[in-house]
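These notes open a run of structures that come right after.
Here come two complexes built around subunit A, the first alongside subunit B, the second alongside subunit C.
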Partner chain A sequence: MKLKQKDLSYYPSIVVITLGLGLLFGVPLFITSDFILDVFLMSFLFAYLSSAWNIIGGFTGQISVGHTFFYGIGAYTTMLTNLRIGLSPWFGLLIGGLLSAFLALTLGYPLFRLRGRYYVLATWAVAEISRLIFLAAKEQTGGAMGLWPPVYPDSWWHFQFHASRVPYYNIMLILLLACLVTSWKIRYSRLGRNMLAVREDEDAAESLGINTFRYKQIAIAISAFLTAIGGGFYAQYSLFIDPDTVMSTQISVDILFPAVLGGIGTVYGPIVGALLLVPAYWFLRVTLGYSNLHVIIRGVLLMLIVLLMPFGIVGSILDRFSKWTQKEMIRWSSFRSKI
Partner chain B sequence: MDHVALLLQLVINGVLMGGVYSLIAVGLTLIYGLMRIINFAHGDFLMLSMYATFWLHALLNLDPLVSVLLVFPTFFGLGYFAQTSLIRPVLKAPTITQALITLGLSLVMQTSAQTLWTADYRRVSVHYGAEIAQLGILRIEIAKLIMFVVSLTLCLGLYLFLKRTFVGTAMRAVAQDRETAQTLGVDADRIYAITFGIGIGLVAVAGALMSILFYVYPYVGTTFVLIAFVVVALGGLGNYVGTLLSGFIVGVVESISGYYLLSSLRYVPILVTFILILLLRPEGIFEKRLRRTI
Partner chain C sequence: MELIQVENLTKKFGGVVALQSLSLKIEKGQRLGLLGPNGAGKTTFLDLLCGYLEPDNGSILLDSVRVNGFKPYERARLGISRTFQVPRIFKRMSLLENLLTSADDVRLALDFLEKFEIEHLADQYAENLSGGQQKLLELARALVRKPRLVVADEPTAGLSPAMMQVAMEMILELNKKGVTFIIVEHNMAVITACCDVCVFLNQGVKVVEGETSDVITDRRTVEAYLAR
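Moving on, here comes the complex of A and B:
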């Protein structure tokens, strides 16, 4: 009973946040610079991806450093169905999402037999080997040359807009809101509580009758589905993909780092993290020029942040303000002692 | 008869490569066995050492086999420094923090290499690089033979080091029980740094040797270290003897499948092997009989 009451009290916050983010639909009315719009859009994309990652990595506590695999599957499915059978990218997004969820479930059988560090290693290995396979299979994927779709005039059916980035912007924002609501719905439902139980103590959860394998599978399927749609969107936005841009460890790190920074396992953490990080990346890129230097600095920054703030910002700031987050922090601290 | 000879040839090639895989994997497993850190940057130290060997050859005309003597102490120092500056602070942190540190290091090393030396493929050319010894119907590449002999010598040397020397014994003690080892006067922090240094030193030797046969480019490490990770998974993370033996198995699997499959499918058997190991024996195939953490 008590739990139920508490859950209801979360409603205002999600409504406020959703409306707040909804206001961002108005941004293109004031900002006409393609560049700034691009920064907004990429921030939303990585907020979206990081939230999706958070479902398996944060709620269920299974740290994946290979999410680029799902991202790449989504991007390649969208691109290839468009190129080879002329399907509208909208169907490609859906097929990519379903395929990715299916692959996630299949891989879940071997991978979820592993715990902790072994799982981390396995996700990385699967993603990297897949990258090598995608690079080597030149006839099917174009290899390092990459793939690009035929150019169509602006159309919603073909998911291509050349005149303005506003349609892309709106689509991405809708995706982000949908992901946020999904993540929030999961977190404060029976499903989410069971996922958290898996994260806290797998053996204890198992002894209470929670089928931990089942909840991990549900979490990875949802996460993979959402991540693949993000990948498909990116393919249509950039209109060019190759294994290095959609299937590299760099992408995996970019996906999970906003969540780590913003607070793993919190609904808003990944979004806060991405809205801080992505603009910072772009700032670095602009100030340092378009050489590789900004990528190096990014890597160094990543290591520094991780060394200085190993437990995220949102978690540690919110901690001081409310009882609810204190409880969250207790949970989190018991979690961090275990992983 | 021809088929038998071919198969034998492939097995020999695989075993020779397997020696190097073992050398790379032994460093990984040593590091994991002691401090429970998965070193995602392992392959990038391999890449760095290949570049070092390449430049030593290009600028000073130093033979890669001589470079080995220089590369080991240098990379031991690098590893020692990396452990004390980056790994030591996160030894007790969550897995994700540890993973992000070594992944971050890996990305920084790769992009730095690309910025400094471009993505061009480079190669050390030495006279014995293409020499082949005819042994009846079998052909053995001299370079691979050298690689194999040096790798095996080092692996066995490490084994003796762990068993016979004071530092080696201290390493095994820390691996078994850190607290007890510390109460007995072992400086665990120093042992960790030394272990990391040795692991990186070994992978650097592997890199120096491999530069005779393989092209050097900024992302070369990933390919080889993936194979090394499969070796480690097969042998059991932290299991020294198991890792050594698995190197040969993976080498042979790779050599045979590489011959019979299209080049676009080259990496599929590695992935399949990896997943099969996880599915059937997630603790590694040697766990029961050879259970000895280093």
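Moving on, here comes the complex of A and C:
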């Protein structure tokens, strides 16, 4: 492989990305406060979850308000395989992801027969019914008492780190970057284009030979897989789960909200949204105390965004710079084809 | 050799008979015009042909393959391309991406945009186009797939004379390459220029069929549709 002169224009981008990554992985070197590191980590977790949600909600336009179901499946699978059969949580993450994708595909058959608000309500119903089942099945899930794994000394194999949060931080950052790359690869491929076509107009997409049901199924399977891995990570990070902490409707809203703020259907929107929202949430919570005023502020913010920036922050920027970004896309396509 | 063979096609919506026992054949490479007043059953016929509706009775054969029960995307993969009365473009995608949902070849897509004289807008969101340009984009997206049959519902409605010329030239150019067309149109100039045969429908029934010049001068067409 020999790159031509004009391909050197990508070197600045590579340098910026490398510096950015170095900075992100270097954050724990400068931050000693566990609380602030926790805020970083939760920002990354919700950026990851929102980005995973964006594949079905943003790219394919199937607005799910029941993603907490996949999150909970991931958390419980990781915890239960560890507790019951002593499996390393790393395998639990993978099994949870696969199980979640399988359940998503199975649920997709009835759910994707619905459109619009009926689909939205059905996703909520699935999540809520599952939460109630998990609450009732005390023998298996611990019910409202929850579950916690046996405590081990710091160990990568057991995915437990008590002395420092830095390993969790690094794992979450790697997961976020993997999700971002996945999202980017999907968006700028034929798969992503066809998903967007499904979002824009299903009848028109079908008239071009696009099997809309198949693309929805692919999107929900990928999204559920990634979301479940996020749930499994959270189970290991908090070392305690119960249906209200990993399967509540509030989590679905928390997953969806960053994408709405940042820009539904854009690659970077959910990341930008989470990096603004989660720190703001903790700042308000710390400064306002436990008055729940932060919930009202968040609600008002959501309404303002929907009214003033219906395509979110990144969506609005893309509107202005669509010409430039599309050219970048074409350049990248031609660049990759030379490799 | 027939590309499309329709036999006794009937579709009812409640008590309304939208299409009554329609039978017709379309030869490969033909340009068929579908005429009729509002409510004649033209769009219903297109929806039945493309799989958006299922007939109550009758059959549709595409190249001798019975396609009843086939979903729209399955029929599209057999070579049917469709445009809609109101253009259904992908608004939050660029023009280029709109075409790339139909064809993977960037060069071909850009070539089509150039032929339709909208290549300078290739990287813009499609929602920024004028109504006429949206119509052209939809037609370009249908044609870039290299279809065997193009079903165009009022492809020149709302186009300026210059844009109309571009659309008609593309239809004729692709027809020369063997693409079959079914065109629903109210503009007689377009029908005369683009269609070699016509069917006149009224209240779901085929009234006249034949050469374009014969159909548009037929007394029944004139009385029921052209009001001359």
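Definition applied: the second predicted complex is superposed on the first by the 276 of 339 C-alpha atoms of A that agree within 3 Å, B and C clash if a C-alpha of one lies under 4 Å from a C-alpha of the other, contacts with A are read in each partner's own complex, and residues count from 1 in each chain.
Going forward, contacts are C-beta pairs under 8 Å (C-beta built on N, C-alpha and C of every residue); 3 or more make two chains touch, one makes a residue touch a chain.
Predicted model, so just to flag it, every value in this text is computed and none were measured.
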item	value
Subunit A residues touched by each partner, larger count belonging to subunit B or subunit C	B
Subunit B versus subunit C as contact partner of A:Tyr109, first or second or both or neither	first
Partner chain(s) touched by A:Glu206 [first = subunit B, second = subunit C, both, neither]	second
Subunit B versus subunit C as contact partner of A:Thr77, first or second or both or neither	neither
Partner chain in contact with A:Leu132 - subunit B first, subunit C second, else both or neither	first
Partner chain in contact with A:Gln217 - subunit B first, subunit C second, else both or neither	neither
Partner chain in contact with A:Leu293 - subunit B first, subunit C second, else both or neither	first
Touched partner set for A:Arg190, first subunit B, second subunit C, both or neither	second
Partner chain(s) touched by A:Gly265 [first = subunit B, second = subunit C, both, neither]	second
Subunit B/subunit C common contact set on subunit A	311
In the complex with subunit C, residue positions of subunit A that touch it	190, 193-194, 196-197, 199-201, 203-212, 265, 311, 319, 322-323, 326-327, 330, 333
Residue ranges of subunit C touching subunit A (in the complex, touch as defined)	50-52, 71-73, 76-77, 81-82, 84, 88-94, 96-97, 100-102, 104, 106, 122-125, 141-142, 145
Touch list for subunit A against partner subunit B, complex	57, 63, 65, 107, 109-111, 113-114, 116-118, 120-122, 124-126, 128-130, 132-133, 136-140, 249-250, 252-253, 256-257, 260, 264, 291-293, 295-296, 299-300, 302-303, 306-307, 310-311, 336, 339
Subunit B residues within the subunit A interface of the complex	36, 38, 40, 86, 89-90, 93-101, 103-108, 111-112, 114-115, 222-223, 226, 229-230, 233, 237, 263-268, 270-271, 274-276, 278-279, 282
